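What follows is a set of structures for review.
Each of the next two complexes has chain A plus one other chain: chain B in the first, chain C in the second.
Let's turn to the complex of A and B:
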């Protein structure tokens, strides 16, 4: 069953179109991510789902019910704000119990549910504190508890982890996934952090400039993006520009200059014709290095020279200038048996055709 | 440790601090300014405790009989009561209007700028002009000699001042808090009472106190509108002065000053005036 359906929703702020014809469907119990750069309209989309902004066009359905014109308090959704928006003048008990109080539940019921919820988010005994007396991570959990206790149709999260330090953020990621798995709540998570989206999402929707570009599982988005924007945005990809010089049933040749070309398998997602200008993308970690004198032979091997090495802890990032003139980067895990190369070393670079994504350039 | 022993233990002649004349001068200057501000206000207080029947300075002897007279004389007592009724009503009406107005002014709407000017204008127009205007207007609507006329006049001041104070308070409220309450099922009334009002509590209390002081001490507009029935305390002080400076006037002035000071103390407890010197 579809938990949420957006049908071509638009939002204008004055003359700027903040959200432009966004349509999507979120399934029951799904952990759905809205991912995009700053200012692309993620928050605005989320606020329209919550009813805090009116749509200027299109329709919103929650569990099949048209809520486009309903006020926020009638939509039975819960929203966790980026700054959590805990009521500073209310205790943790009153913060979490707020929605239940609005439903006019008896006080003893509320207290029991609050206690139970604090158990769920791992903060038992914090009932009588004020939000100001909690750490960032604890406040984040209270915000989550305040949303979960209402058992909403939809849980909306607007960058809930971006105010936390790295370690807490990583811990909260797995806790959120765990809570989501346990309670099975349809969740829409807004973030500009792709690693967060890749790590937690069932599906990711990529937004750019108010438009929805594509929707897919983390694997699909990362390994076989539909659009050039996605290819550039997700992961660290190398891009090489060339011209399609030959197309067979299974393979296509992308030529960079007279004596260097790349063979890439034909993809139904990205059909090309001979003569098309294309960009070939390959993820930085998918590249492989071989010694300059290694007997490799075959297609897709290029000679290159190491231009720069950056030490990143878990990996070394190599910049290699290819004989075609382009520079590519490669992330090599710093495992013990990985061969080391020095700046200025000559080597061979293998671009595995299976990992090459060939996308036609826009005219 | 050693260093501090050296300093506090045996101050040697060479260590003596030279007198910082500019600093001393500045302190004296501040003191003079302070005296200049305070003395005229409190001058009258000692004269209220005199034993003689005429005001003298310095006062002779000590007695509370003038206060006793003030609180037993029906004329004074009535003026005092009128002032209280008018001040409390002004507070209620001003705040009651200022809250929805300042809430509305957080949104955009056509004519917002002009409307703000209109609300604030009475605060900047000379009182005497408002007084003349009211004197022409009030009898027309049949309110001359009615409490309501003075209350309306004072609200012309109370509304802009409480509008300013409450608006400033609202500026510091994170709209996400109110939106959060909305998504959790509160209608706008409950959002106000559960979230907004507690967060701007200090601004609300200050607005009430400011309105009260303004109304309680207001003279010019009341002078135009007061009939003997609705005589306020400042007007009564004024009319008594014309017949001679009896110590009962000093006693009533002292009452006014003490009430005003009390309110100031309350206001500074609530908004702390930190905003002014931070």
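Let's turn to the complex of A and C:
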């Protein structure tokens, strides 16, 4: 069953179109991510789902029910804000119990549910504290408890982890996934952090300029992006510009200059013709290095010189200037058997065709 | 930009620099406010009466104030006016501030300007304005007579009613300036969170907006109390003349009776009342301050 359906929703702020004809479907129990840079319309989309912004066009359905014109309190959703928005003057008990109190549930029921929720988020006994007395991670959990206790049709999360320090953030990621797995609640998660989306999502919707660019699993989005924007935005990809010089049934040749070219398998996703200007993307960790004098032979090997090395802990980031004149970046894991190269070393770079994505440039 | 620059400057400044920046206002306040007050308090203990006093120590002026029902009455009258005025100031200024804080675009700015405009005139001018406004043949009475509801003009002036109305009018802008700041500062996400959890407008106001504006309310309370205690021209111009506030008593003792030690004693009591009022209000707001 479809938990949420957006049908061509629009939103204008003045004359700017903040959200432009976004359509998508989220399945029951899915962890769905809206990913994009700031100002791409992802938060506005979330706020329209919540009912905090009115749509200027299109329809929103939650579990098949049209909620487009309903106020937030009638949509049976729960929203966790970026700043968590815990009422500073109310105790944790009153914060979590607020929604239940609005439903006029008896106090003893509310207290029992609050206690239960605090167990779920791992903060038993925090009932009588004020939000200001809690750490960021703890406030985040209270905000989650306050949302979950309402047993909503949709759980909406607006960058809930971006105010946390790195370690807490990483811990909260797995806790959120765990809670989601246990409770099986349809969740819409807004973030600008692609690693967060890749790590947690069932599916990701990538937004840019108010438009929905593509929807896919983290694997699809990372390995075989549809659009040039996705290719540039997700992961750290090298991009090489060239011209398609030959197309066969299985392969296409992308020529960079007189004596260097790449062979890339033909992709039904990204059809090209001879003479097209294209950009070839390849993820930084997919590149392979060989010694300059190694007998490699075959296609897609390029001579290069190490220009710079950046030590990143888990990996070394090499910048290599290719004979074509372009510079590519390679992330090499710092395992023991990884060959070491020094600045100025000459080497061969292999761009595996299986990992090359060739996208036609926009006119 | 300027705010950032000042913040940077304060950030970089050593303790020495901070005192350097603070010095001019501190010196000014010390020279023209703190020292005179202590001087005044000292004279309030000098023995003497009209036209004459000499250094020494006596409590006679304080005893005179507290033991004479007429003088003590001025304190009670001042407190009565304060208690009549303050609730209206709080309610009216809260309503106006809420309107301004929730207005979008230019509307809020226009309302704010309307609120602040009266502050461009002095207290005396405003008191005289009310004199015209509430007079026997003033605007209000003319309108009331024209409606036919009354046969003869109402006595709207030279009584407590006139003092209370004019005081409320004078204090509201100051109370609003305090309240607007607090109301605007309430994070909208609190209100939105309440909405998504099923609270309607009234419940959101009652459970979220009102409790979060308590610091502003206590600020407005302080403003109102201080103004009521210290204002002179409004009761002087609009009152009956039979009942004195403490400020009127002080003025009379200094300028007509020339009993400076007694006037100083009354002033010291007024300062004491004000300080107590402030302390209580601050204590109250401290408890309710969040984050």
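The rule is short, and it goes like this: the second predicted complex is superposed on the first by the 363 of 363 C-alpha atoms of A that agree within 3 Å, B and C clash if a C-alpha of one lies under 4 Å from a C-alpha of the other, contacts with A are read in each partner's own complex, and residues count from 1 in each chain.
In this section, contacts are C-beta pairs under 8 Å (C-beta built on N, C-alpha and C of every residue); 3 or more make two chains touch, one makes a residue touch a chain.
Every value quoted in this text rests on a predicted model; they were computed, and no experiment measured them.
Taken together through their common chain A, the two structures put chain B and chain C in a clash. Applying the stated contact rule after C-alpha superposition, one finds that A:98 touches each of chain B and chain C.
Touch criterion met: A:50 reaches chain B and chain C at once.
In the overlay built on the shared chain, the residue A:313 is in contact with neither chain B nor chain C. Of the two partner chains placed by the overlay, neither chain B nor chain C lies in contact with A:325. Shared-chain residue A:72: touches chain B and chain C both. Of the two partner chains placed around the shared chain by superposition, neither chain B nor chain C is touched by A:298. Overlap of the chain B and chain C interfaces on chain A: residues 50-52, 71-73, 75, 77-79, 81, 83, 85, 87-89, 98-99, 102-103, 146, 150. Of all residues in chain A, those touching chain C in their complex are 50-52, 71-73, 75, 77-79, 81-83, 85, 87-90, 98-99, 102-103, 130, 132, 146, 150. Residues 174, 176-177, 179-187, 190, 194-195, 198-199 of chain B are the ones that touch chain A when the two sit in their complex.
Of all residues in chain C, those touching chain A in their complex are 187, 189-190, 192-200, 203, 207-208, 211-212, 214, 288, 290-291. Note for the complex: chain A touches chain B at residues 50-52, 71-73, 75, 77-79, 81, 83, 85, 87-89, 98-99, 102-103, 146, 150.
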